[in-house]
Each structure stands twice: as C-alpha cells, then as structure tokens.
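Both complexes shown next keep chain A, but they swap its partner, so chain B is in the first and chain C is in the second.
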Partner chain A sequence: MSVTDLVPPTATQDRTAAGGPPVRRCGPLSLLGASVLPVAGSLAVDTWRVGAVALAVQLLLLPLAVRGWRALLPRLVPVTIAAVSVGWSTWLLGGEADPVAAAVASVLRIAVLVLPGVVLLAWLDPSETGDHLAQRLHLPARAVVAATAALEQLSALAQAWDELSRARRARGLGPGRGPVSRVRWAASTAFGLLVEALRRAARMSVAMDARGFADAAGRSWALPARWALADTVLLVVGALLAAVPLVATALLG
Partner chain B sequence: MAAVRVRGLTVAPAGSRPVLRDLDLDVPAGERVLLVGPSGSGKSTLLRALAGLLDAEHDDDGAVTGEVLVGGRPAGPGAAGLLLQDPLDAVVAATAGRDTAFGPENAVLDRPEIWERVARAQAAASFRPGRERDTATLSGGELQRLGLAGALALRPGLLLLDEPTSMLDAPTALAVRDAVLAAAGDSTLVVVDHDVAAWAHVVDRVLVLGADGAVVDDGPPAAVLARAATSTSELWIPGAPVPDPLDVPSELVTPALRLPGGDVALHGRGLRVVRRRRGLRPGPATTVLDGVDAELRTGAVTALTGTSGAGKSTLVAVLAGLLRPTAGDVLAAPGLAARGRREPWRWSSAELATRVGWIPQHPEHGVVRPSVREEVRATGRALGLGAAGDRRADDLLDLLGLAHRADVDPHLLSGGEQRRLGVASALAAGPSLVLADEPSVGQDRATWAVVAGVLRSAARAGAAVAVATHDARLVAACADAEVALAGGRLLPAAGAPAAGPAVGTPADDTPARLAAVRP
Partner chain C sequence: MSTTSTTPRSSALARGPLGRWRSLDLVTAAVLGVAFGVVFWGWDVVYNVLSPGFGFFQPAKGLLGGVWLLPAVVGALVVRRPGAALFTELVAASVEYLLGSGWSVGVLISGGLQGLGVEIAVALFAWRRWGAGVAALGGALAAALEALYEAFAYNDWVLGWDLAYGAAFVVSGAVVAGLGGAALVRALARAGALQRFPAGAEHRAAQRA
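Up next is the complex of A and B:
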C-alpha cells in the first residue's frame, strides 16, 4: 500500500467524485464566504424592483448549487416565516406611502439576504470546516477542535432526543394524549436534553484528553485543506451576487 | 514502556465512602497486569487515575490525594492509552477514520504516518466497518473496537483497558484479546476484565481490589487464583462453577398483568427496520433488521444472540415498543392489549410502562432521575402505584446490592452498578414483558447470580423475558429458547441443543456452542 492510498479523500473530493451540481467541488471557506457576501448586497435592496432582480438572479443560479430539493424545502420554512412576518409588519405598521410595495421590498430583502446561505451551507462538512479554519485561516487548533466537536454534537442532537424520549417513554414518563400534556412533556424533555448535552460535552472532553488533546502543544491535521479553482470561482460569483442589488439600483434607480 | 508507581492514592467522592483507599502499587515497565475485583470496587477509578484524568473530573470525584507516577512523571492525560468502560463515551469524531486519527493528530504526526497508524490500529482492533463509517451508526461491540483502535493509535507506553471485550461475542473477544497483546508489544498493560479465564494465562500478574477499594491480593496469576479458589470468591475464577441464578422472592418480580403460562405473550413477524440519519442532512438508509420473526412466551427466557452489529439491540427496541418497525408486525397477546391495541409501539407511555420493562444497553443514557432511589421508584410513581410501588422498588434496590448507594446520583455509580440499577428500575412496576439488553456486563459472580436470578425468576413468576446478550453463561443458565441473528437476519435454527458451555471459559465457545440452550 503506497502512502497516497493511505490518506483518504477529503469530503470535497468525495462530493466531487459523487457527481451533482458544480458547487459540490467547493471547499468550506468559499461556501462560507459566498454565503456571507450577499448579506452586504441585501442592504442595498430598497425597492421591490431591485429586490426582484436580485432574487431572480439568485434563483437562476439555484440549479448550480442545490443539493437535493427535498432537503431544501424544510430549510426554507423558517426563512419563509421570517420573511412573511417582516413583510406583514411592514405593511401593517410601516406607514409608508405605498405599504404593499414596501412590504414586498422587505420580504425580498430577507430572501436575498438568506437564500445563498440556506442553499450553500447544506454542503458544509463540520470536520472539513475545522480542517480549513485551522490550516488555511490559522485559527487556534484548540478553538477549532472545540467548534468542530460542537457542530458534530449539534447534528447528534436528533439522535440524543430519540434516546432520551425512548428512555422516558419506557419508564412511564412519556406524554399523555392531550395537547397540554404533550407540550409539558416536550418542555421537560428539552430540559433533559440540555442536561444530557452538557454531560455529553463533559464525557467527550475526557475522551479527547485521554487521546492527548489536553497538553498537545501543536496539532497536525489528518486531512489537507486545499483551495481549488472552484473555490475562487464561487467567491467571485458570491461577490457578483452581492453587487447585483447595487447595479440594479443604479440602473433602475 | 512506562513503569507505574502509585503511593497512598485515596479517591473519595463528595458525600460517599472512598472508592479507593490508601492504595500503593508498583508496576515495572512492560509488565502485564489484570485488575479484578467485585463490581463497584474502584477498578475504573484506578485506571482513570493512572491515565491522569481524575483532575479533569475533579467535581465528580471529590477529594483525590496521593501520588501517581507514570514513567517517573506525574500521570497526565494522553501519556497513557485508555479505553473507557462505555465505548460510546470515547467517540470524538463523526467518522471512524477521523476518530482513530484524533490521537496521532494531537501527537503532531505527519499526514501519511497518521493514516498508517489508523490503518494499523483499526486492523489490530479487528475494526472492520471502514474509516468512512459514520460513528453514530456503530453497534456497541463495534464502538468498543473503535475505542481500542483509538487507544492503540497513540502507541502508548502504558495501555489501560476497561473491560475491552465485555460487549463482544466469544470468538471476537478472543481475537481482540490477542490483538491487544500483539499491539501492546512491550508496553505496560493494565486490563480490567471480569473474564479472568480469558486473561489469566496471558498476563504476568493479577491484582485484586476488595469491595472497600483496597488491594486484597497481588501476585502471579497461578498463586492469586489458587488463593481465590479456596475462598468463596466473587471473582470469575477459571474452573469455579458458574453460580446458580438466585431464586428471587416472587413478589418482587411477579407481573401486574398476568397471562396463562406458556402462551405467546409477544410475537414479531417479518420485522424490518431501516434506519436513516435524521437532521438537516439525512444520510443513506441502512437496513438493520430484515425479515426477523421472534416469539416470546410467558414463563420463558428467550435469548437474542449474534455477533456485534447483528441487530440485537434494534430487535429489543422493536419488541419493547420503543421503535416502530419499518415493515412487519409486532403483536402482544390479546390479554395485554391496551384500548384494543396489541402493537407495543402504539401504546401510550403509561400503558407501555405497565406492561414492558426495558433494560437499556447503555444504562447511563436511560437515567431519568437525579438519585438512585428516585430512579428506581420513578415508574411506580408515574403509574400511581403508591406506597406498595415504592416498597417493591426499594426491595429490588436492596436485592441488587444498591441500597447503600440510594442517595447517590446514578451517573456516579460504577458501570456494573448502573446496569443493576437499570435491572431494578425495569422490574419495579411489575412488567409482563421484560426486555434486557446486555444485562450481565460488568458483573462479578455474586452480582451476576442476582441479575440472572431476577430474569429467570421473573419468567417463572409469569413474565415473558427476552435477553440480548453475548454472555454464554447467561444463555446456558437462563435461556429456554433462542433467537440467533446475523447481519440483521435470522440464523437458521441451530442443531440439537448441546451441553452448556464449559464453565468459566466463555472464550473457548464457538458460535454453534453459544447457541446451546438449556433443555
């Protein structure tokens, strides 16, 4: 077995090999960058026309970036609720000359602000993000490992909830049939989940210390953090997306 | 290689008797030591002290005094390779490869060397699911081997293993033991394991801790075992008879809802479970059970056996009404129906707790109350059983040897004690169906006899009992029927029942003999 066979592919290399939209070739830093850049652009969305143009451009690019439409829909739910509630309160309380136009503009601003992040962050792999933060941005190793572990724990929360509700159900501490009882049960399980999360964190830090994390002066990284052409392209596209509302404002002014 | 020197080590958790008392120990470099003692005697605590982890957990462990030197220096985290008792606690990364690589990364090794160590460590620990495998989908036995690989990857001068094979079937346990010995090379090795027979002839020395946390015997294996054999020892001495399961007073284990003896209390047909990683980024689906039939009769103990990862725990969860099967039917006897419903997964929590007692594989994750006494009483309280329920719970606690720990936080119990607490809690409300997942792990002979006795007596008192286990002694002593699984499917029924496995030598049993059941 040669040395190159021993080092496994990174998450990005796995995605690239698996096929899918072009964004799969991008690493975590460009994904984060392209998610954040349009936030600056969204501040320039002042009219519904500008917002519509900016959103239309984003929607046109969507097929290049969406990882599974079915997984996208649940992610859009909170965004939709936020956008609609902001739009509604603008319409109701804004006191603008044209309340409907102002409301639509505010809805579009939220959409332009959030959509790139919602779509792109689906591609982010927690441990690969850690590799890049440490090796490319040279953030402190301990902070990076802690943050990566926290992200992983977050994705383990669904499983922890299952375990906890299973244990409580088996012991007769599950919810009754009424809605009030269900809400109270969910609240107490959520508290239990919080306590359990703290315990898990404590256990994990012991396990990490047992593997030499406690007094590691430096740290090496099992996988490389490469910057590819696709990353540069994505950042440029992100910057262009951020510029769209500014250009549209100048043109449609 | 690292020598160990311990002087006057005392560990006294706040508000409890000392776990270790004024302990002195010298282990020359390269020596292999088996550490044994009754459940709760402080074995795990001593390993943690040697691993330099007690300071990190100072809040939980209260006062720690004395001196622990490893290789001439105070024990610090990372100097020794440690395999924790519950392997789920040892997972530090999302994939198996990154998990094993975590130690070498901290040692600032070059990338090719990291992965070479990962490959060697996982091969040495017989970990086969592959380095891309999501750690959240591993079974208990697979986690145990991954934890071992993580410890081996550090190539430590001192290797500390806390029950490294307790959740493995006998052939795998033997293979892992040999792998440990080969991988340990000339490292100093301290192993905690209740399976004395498996280790006695491959270690240089046996150290026996007493129930009060002091050293009661120490010396070459042959001499220590000879001395132990003359006393009525709680240790699993090779050649000593397997203790008879205790006859438990029937009022402690009688089901609240009784069915006629010999009836099928619960049966599953064509059970299939497909698991998918939930959350915002769902993973690929894996089939963990496929086309499994199972039948639990009142008055009988049914053993669920199979290698680690065979789907035993999933089957237990389905039978216990905690998991809805993706396909297939699981139906209780009409006499157990609740509101006309016979599928356990459709019962409400109170209906379920009245009928089912579940002993989880990871007892620490089943804890629902902040003290041992409240924990064991919790189900009875939830069901409104009143003073009688409390009394039965307290009596079970006493039976399982935990009465003196009643005011302690369940998370501070030893691994074996937590498991017995799980047994007491599951039986406290008088279930008609008892579903136990690895109930005998971490038990000494005395506590084993109680755990086995509770399960067998519950069946004799009219419950239907199922036990997922790797423990051939438990199968031989208690099981009336067996469901053998492999890769999520039923194994064809084994041939004519052979004699029970040779006493005290579970490591010698082949899978076929493991399938032997009591006539």
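Up next is the complex of A and C:
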C-alpha cells in the first residue's frame, strides 16, 4: 500500500474518476456561470409557449448534466414549491386577461430560472470553488479561505443546533404547541447558536494565525485550479440556454 | 432598554485602518454567515408554513422578509469594516444554496443585493456610525433592492401589488433586520461574545458609565 492510498480523493478526482455525464469534467466556475446565465434568460419568458420551449431545451440537455437521478428528485421538491407558489400569486395578483395562462407562464419562468442551478449544484464542492475563486478570479485570498473554512463548519454548527435544542428541552425549556411559542423558542435557540458560532470563530482565527494566515506572502493552495476545454463548452452552453427564451420570443411572437 | 440611554453617542470603531481586516474579523463574519445559513434553513420551513396564511393578501408576506437580511446587518455591526455586510450575507446565501433553496442560484443574487443595500447605508456614514438608526436604514435599503429584484425575476404582479409588497418588505427590513439586528448585536455583547469587537467595547463603556 502506498501513501497515496491513504489520502482521500480530492473533489476533482471524485468528480472525474468514475464514468458519468460529460459535465463531470467541468470545474466550479463554469458550473456557477452556467447556473447563473439562465437566470438572466428567464427574465424574457413572458408567455407559457416561450417558457415551454425554454424548459424543453433544458430538459433535453438533462442527461448530459445529471449526477444521479435519485439524488435529484428530493432537490426538486423545494423548487417546485417555489414555482407553484409564484404561479398561484400570479393567478391572484397578475391582473392578466387570462390568469391561468399567466400562472403557467410564471411557473415555467421560475422552472427555467432554477433548474440549471439545481442540477449543476450536485457537482459543486465548496472547497474546490474557493480554490478556483481565489486562483482564477483572484478574489481576496484571505476572505476566500475564511469563507471556505467557515463552510467546513456547517455540519458542526447544524449539530450544535441539535445539542442546544436538546439541552434546552432537558432543562424544561421546550416549545409549547402554539406557533408563537415555537418561533420564540427557535429564536432563543438561534441566539445560542450565534454565541457558539462567535466562540468557534475566535478559536479558529487563533489557530489559523498560528499557521501564518494573517500575513502570508506567496500563499500556497491545496490544489491547482485548471480551466479545461469542458469549462469553456459548459459556459457557452449556459449562454445559449440564456438566449433560448429571447430567440423563442422572437420566433413565436 | 435601559442601556440605550447610557450608550455613548458616537459608535466604537474597528481598530486600525478600516480596510485592514483582522483574521478574527474575516473568520467571525464567515462563521456568522454559516450560522445564519443554518437558521435560514429553519426559517424556510416557518416561511412556507406561514405564507399560505397570507392567502389573498400575498404582499404582506414581505413582513416576514426581514429575517433574510439579518446576516448583513449583524455582520456589519459586529465587524464594522467596509464589505462586512456583503461578505456575511453572501456566505449565508451560499449555505442556503448548498442546502437546497427553492430559488437555487437566485439566493446568491439576492444575497449580493441585500448585502449591498446594508453596505450602501453604512458607507453613507463613512463607516463611522453603527447605531440602530443606520442599521434600520441599511435593512430598509436591502429590502428595497431585494423587492426590486423579486419584482423583476420572480413575481408577475400588477405594479400596485409589487409596491405593496415592497413597502411591507421595507418595513420588515427596517424593524426586524435593522432594529432587531442592532438589538441582537447588543445582546451578543451583553452575553460576552463580542469581547474583541467594537460592540463589546461599547458594552463595557456603558457598564462603566
């Protein structure tokens, strides 16, 4: 057994090693770009026909981008709720001659806005994203490192929430049945979480400064951030997706 | 609250040049952002449970919106350096995105706009005033930018409803995010969690007085 067997695979190795759709070769910046560009395009979705065309084009490309169909389904639940709630409010408040068509157009517009981001999120790794933001986009290095280090604390803070709420229950401070009591209880647990977060940040910054975080010159990064041909292709596809609603509007009138 | 009358009129400022963030400032803003991201996760559920309650008066939903702006206000009032509001809110939005928000990458755009709103308010006072008034202005501006974005990107309402929603959101931004955020930072200082920050120094000064 060599030393490399003991090192866990990096996010990049994880993505690219196994077979899968072509998107696995793309880095975080093109993933983010291709997620955000269709947001701009979705603003041009004004009728349900244009929305249907734009969504159909996205759905056709889905097999090239989905990491696992089973993992995708639960991610679609919150976006469906969001899209339907927007559609409902359009039906109520849109003041259109045909409220149903307007509501359907709204639902499709939100679907076109969120779908690329939801699908591509499965390939995004926070630490790898930080590496690329700092090395390729040259965002301030310390801010990027602080943000990725803090994101590593996400599961620890979620666990702290559990511990806090259990400890408070054990002391008889559980919430009552009513919604007001629940919101108050959640608010005071959230306060405990913020105190814990501040303590954790103080400890982390001391540890990081002990390793020369404050004034490092010529900072080194865990991994190189490469821009591949696949990244360019994905970005172009994202731009084309953004253009679909505009073209569809021009053609369908 | 009795402490407000004894608080010195001018705000305590961050040490050294304002643009020179200490490591503690950066890590604190980032971890606060993550903690608020966890809170958002819960607030999403509350929001979805409560919003049908607004039934046929959807614009009143704006009243719940102030909670989303808290990271920007709290991050700014704790760190008191240019960029703190934007940074904290963007980290919180990233967490929301990673955990799977219904608006997907839209939350990153919202986070940027909301952070920018608070950033504009504190910049207007040259990063020297950090009281509840500035916080309320920041919350209101952040809410206005977010309502504008939602009117363009999400909602398909007639203008009057957009304006009603925006007004409700701005009130919530000023009260919940602005005044609430300022009160939250004072409470954190009282709890002794901000010893090495200007807000902690203000609290000690108020106690001596």
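Methods note: the second predicted complex is superposed on the first by the 198 of 253 C-alpha atoms of A that agree within 3 Å, B and C clash if a C-alpha of one lies under 4 Å from a C-alpha of the other, contacts with A are read in each partner's own complex, and residues count from 1 in each chain.
The working rule: a contact is a pair of C-beta atoms (placed from the backbone, for glycine too) under 8 Å apart; a residue touches a chain by one contact, two chains touch by 3 or more.
These numbers were taken from a predicted model, which means no experiment stands behind them.
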| item | value |
| --- | --- |
| Touching partner for A:100 - first (chain B), second (chain C), both, neither | neither |
| Partner chain in contact with A:214 - chain B first, chain C second, else both or neither | both |
| Partner chain in contact with A:224 - chain B first, chain C second, else both or neither | first |
| Which of chain B and chain C A:250 touches, first, second, both or neither | neither |
| Which of chain B and chain C A:167 touches, first, second, both or neither | first |
| Which superposed partner A:193 touches (first chain B, second chain C, both, neither) | second |
| Touching partner for A:236 - first (chain B), second (chain C), both, neither | neither |
| Chain B versus chain C as contact partner of A:117, first or second or both or neither | second |
| First (chain B), second (chain C), both or neither touched by A:56 | neither |
| Intersection of chain A interface sets (partners chain B, chain C) | 74-75, 126, 149, 157-158, 196, 199, 202, 204-205, 208-209, 213-214 |
| Residues of chain B touching chain A in the complex | 51, 53, 56-57, 76-79, 81-82, 84, 89-95, 97-98, 101-112, 114-116, 118-119, 131-132, 136, 150-151, 154, 278-282, 317, 320, 322-323, 348-350, 352-354, 356, 358, 360, 365-368, 378-379, 382-383, 411, 425-426, 429 |
| In the complex, chain A residues that touch chain B | 1, 3, 6-8, 71, 74-75, 122, 126-127, 149, 152, 155-159, 162-164, 166-177, 192, 196, 199, 202-224 |
| Residue numbers on chain A that touch chain C, as the complex places them | 32, 35-36, 39, 42-43, 74-75, 78-83, 85-86, 89-90, 92-96, 102, 105-106, 109-110, 113-118, 121, 124, 126, 142-143, 146-147, 149-151, 153-154, 157-158, 161, 179, 183, 186, 190-191, 193-202, 204-205, 208-209, 213-214 |
| Residue numbers on chain C that touch chain A, as the complex places them | 21-24, 26-39, 41-42, 44, 46, 48-51, 56, 58-59, 74, 87, 90-91, 94-95, 97-98, 100-106, 108-109, 152-158, 161, 184, 187-188, 191, 193-194, 196 |
